[in-house]
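Labels run A, B, C and D following the written order; every chain starts at residue 1.
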């Protein structure tokens, strides 16, 4: 079990190529906000996001900063602080293509990729207008049933990159995700997994079965960078709460394009000019 | 969050009805040996086993004791100690029907039940003689592909009862399964989940994110009994190693029907007469 | 004492729609349904499990984001609450946008898990405070989750009731129609009819929605308010201010 | 020094079949393949991950019994070892029984994950110590895992080589035939032919399997033996006795 070396945040985000299909975790599972800001600063372009299954500030920032051409999502919102302003503007102006989905379909698509099967079946959903607008979703007759029994098939979702923030990595490069098991699924389903962590745990999670239970093994992970409070202003499970004042202020400020630009300049820093 | 009361081992096994489809965990994930002995003593009959995905002593004892009519399995063996004598005898004499499967198909069948979908697709396996003898497995043309692309569909496996042994339960009735995540899948897929544990943890696993990561929530679990060294002579993850001398001796003794009877009388006690 | 806040009336009214069950789940950003679920739990003689996704204490899922949906598919969740930016007379809900999709004139966050939960959960309770022709429409612009399904389509559950700031309606899935069950205190049937964009059945005389009794209000203001403070601090502070 | 035990020869020979890869996995009850994987790892300049299911230290799976199979499906496992109670000339293996299934005359444990791993793992190495007409047959009685698949069937990998107590063969999947690559020291081509129940290609002169050099034997007897002691204590004690 060799020892791994963390890399810098800036080096980490160079491993998210322009045009990548990027998996974006929900707020409860380690939103990689420091990495998102670094990604905006490096001037990432043409990203296609898949939110697992929804997103708040992370998707809204990436969309507002012009990094995104497409987003598959069950919802983008600022939760109790209302609509996600950049997402809403971009969706209405069609500067970003929104591929509407539903939470269990996104989970199922990732599970299909985890098994490298072309699809997973899912009950329900039939009759939703989502189905009409998802030519990639297929309704078939359940081949296991004697008589007609329509069922929906959800195609595999294979992100190019999974990027998330977690409490800690150990000296072997394993990452502790606790009970946020969707992070394991995302990593399994993705070609490349990049992680930021609060700190390095001295030793191996596998020396303690209690820690091992929440570990994502190193062989799924391509690179790790340390980013203290790397999920802020979003919270991090078991570590810190969201900064509600920051989020409330963002919801207000980003209501106008000019307000969003001011936020970006102040909180994120200068983005490189678009290529 | 209310407090639950553990019940006795004998009461626990009355909740495994004769004829039930019973999920049997592999040796590495908490073989419920004390409960298995209690089940044999109570004279359980006509059980149908599904091993997840294989079994050693547990399945062999239940088969030898005449509790079983059918077993779906990827393998029954005593591992380094050779063939499982009762399984082998029963299979050849056809007193037990063996439904041959393969590990990933059993996992996939349980995952299908976990999602309450009729099937999960799986790559590979085509061309194995297993497929010929599994009329419940269906080969279809991948509906997502433009041209012919055969793929196997594995039907959902829905055990009536999941029964396993774990290190501990907490005061709320949550059970700690650590990284043995197949136990969560089995519990999700099963109608009833019965658990034996080494001990009761004072408090709630959910008070500590490190313990929460390995917890199976109480609402999946119907009953819990305390059984110290409840997996012995098989080992228990993170707790104790298998008793190799015991297993080696079993492999030798159970080679004959008479030897097995002697083992049963000595190690299990008197079984009730068959109904 | 019997001065009852609108949120208290709605929580008690939602709680009254919950049948005897084992497991009630509440999605994100739903303080009034959360209060209703906790109220039902507090008054139940049986052990009732309440999952509130927004909470740490009331969320014991350990299998990732999919577990809510898988557990619901397994039939382990008996009651779920859904809202809708639009809700129509066939109990379809819209969480996506106004206009002809994808050419929307207004964009909402998205469908979340509604198209799934509406099928797998036996008792779905629709909840929308605003009761107006804008929210309760003849036909939703986009069906996030359909209120009913044609014969032959697997479906375990669906919308059973609709609670708004004005009234309570129950949904008759085979007939695909709502029926007015009660009108909140101080409101009239006429008002409900005018504020509703869809056709619905009306009894000759719609009863008044029961106002929560003193015991219920006591529970809400003490035990339930204390629990809500953990995960809906703003809501709890506004609706259940701690006496100075 | 160059006195080499049969297990050492086999471990070194199996290791020689492993191409440059990132991740080698070893199933249950496979001490010689485990030694081969650890030997390959020890000699590799690149970081090679070795998963030994039988071990605690060399098993970092945390997603349950399915993770080995899912990780293999994801293309994250490059090498896997399979045995067979019977192996035939088309690289089919039988782990189920002798006779006409289900009317067996002999019953083996079962197919384990072989019908899956043989498809998803690029490099499958077949290993069976006993090389006899009983184990290497013209046609297996039951195909647990097929050695090849017809065109149009999704398949990423399959058997590449067969190592036995007598010889090494490579498998040519398009031609569905084994070819003798080397014969172990002290054995003859004739012996291999007589002990093999299936037809295979033979070079005019089959080379002798390379005996592990002093460095390799040193590695096996020190570093690898120490590692094996954790999870194959009986095997390690027998093959690599600790000098008194």
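We take it that a contact is a pair of C-beta atoms (placed from the backbone, for glycine too) under 8 Å apart; a residue touches a chain by one contact, two chains touch by 3 or more.
Quick caveat: nothing in here was measured; it's all calculated off a predicted structure.
Asker: Out of B-C and B-D, which chain pair has the most contact pairs?
Answerer: B-D
Asker: Relative to chain A, which chain has the most distant C-alpha mean position?
Answerer: Relative to chain A, the chain with the farthest C-alpha centre is D.
Asker: Please report how many Å separate the Cα centroid of chain C from that of chain D, as a whole number.
Answerer: Going by mean C-alpha positions, chain C sits 59 Å from chain D.
Asker: Please report how many Å separate the Cα centroid of chain B from that of chain C, as a whole number.
Answerer: 40
Asker: Need the CA-centroid distance for the pair chain A / chain C, whole Å please.
Answerer: Using C-alpha averages as centres, the distance is 29 Å.
Asker: Give me the residue numbers in chain C that touch at least two other chains, ranges are fine.
Answerer: Only 61-63, 73, 120 qualify.
Asker: Could you pull out the residues of chain A that touch at least 2 other chains?
Answerer: 108, 111, 115-117, 122-123, 149, 151, 179, 184, 212-215
Asker: So what shape is it, when you link every pair of chains that touch: line, ring, star, complete or other?
Answerer: Per interface graph, the chains form some other shape.
Asker: What is the complete set of touching chain pairs?
Answerer: Result for touching pairs of chains: A-B, A-C, A-D, B-C, B-D.
Asker: Residues of chain C touching chain A in their complex?
Answerer: 28-29, 61-67, 69, 73, 95-97, 101-102, 104-120, 142-146, 149-150, 152-155, 234
Asker: Enumerate the contact residues on chain A facing chain C in the complex.
Answerer: Interface residues on the chain A side: 26, 28-29, 52-54, 73-77, 79-80, 83-84, 87-88, 91-92, 94, 98, 100-105, 107-108, 111, 122-130, 133, 148-151, 179-185.
Asker: Quick one: which bits of chain B touch chain C in the complex? Just the residue numbers, please.
Answerer: Per the touch definition, chain B meets chain C at residues 1-2, 113-117, 174, 184, 188-189, 206, 212-220.
Asker: Could you please specify the touching residues of chain B with respect to chain A in the complex?
Answerer: 108, 111, 115-123, 138, 140, 142-145, 149, 151, 153, 155, 177-179, 209-215, 237-238
Asker: Under the definition above, what is the set of chain C residues touching chain B in their complex?
Answerer: Interface residues on chain C, with respect to chain B: 22-23, 47, 49, 56-57, 60-63, 70-71, 73-76, 120.
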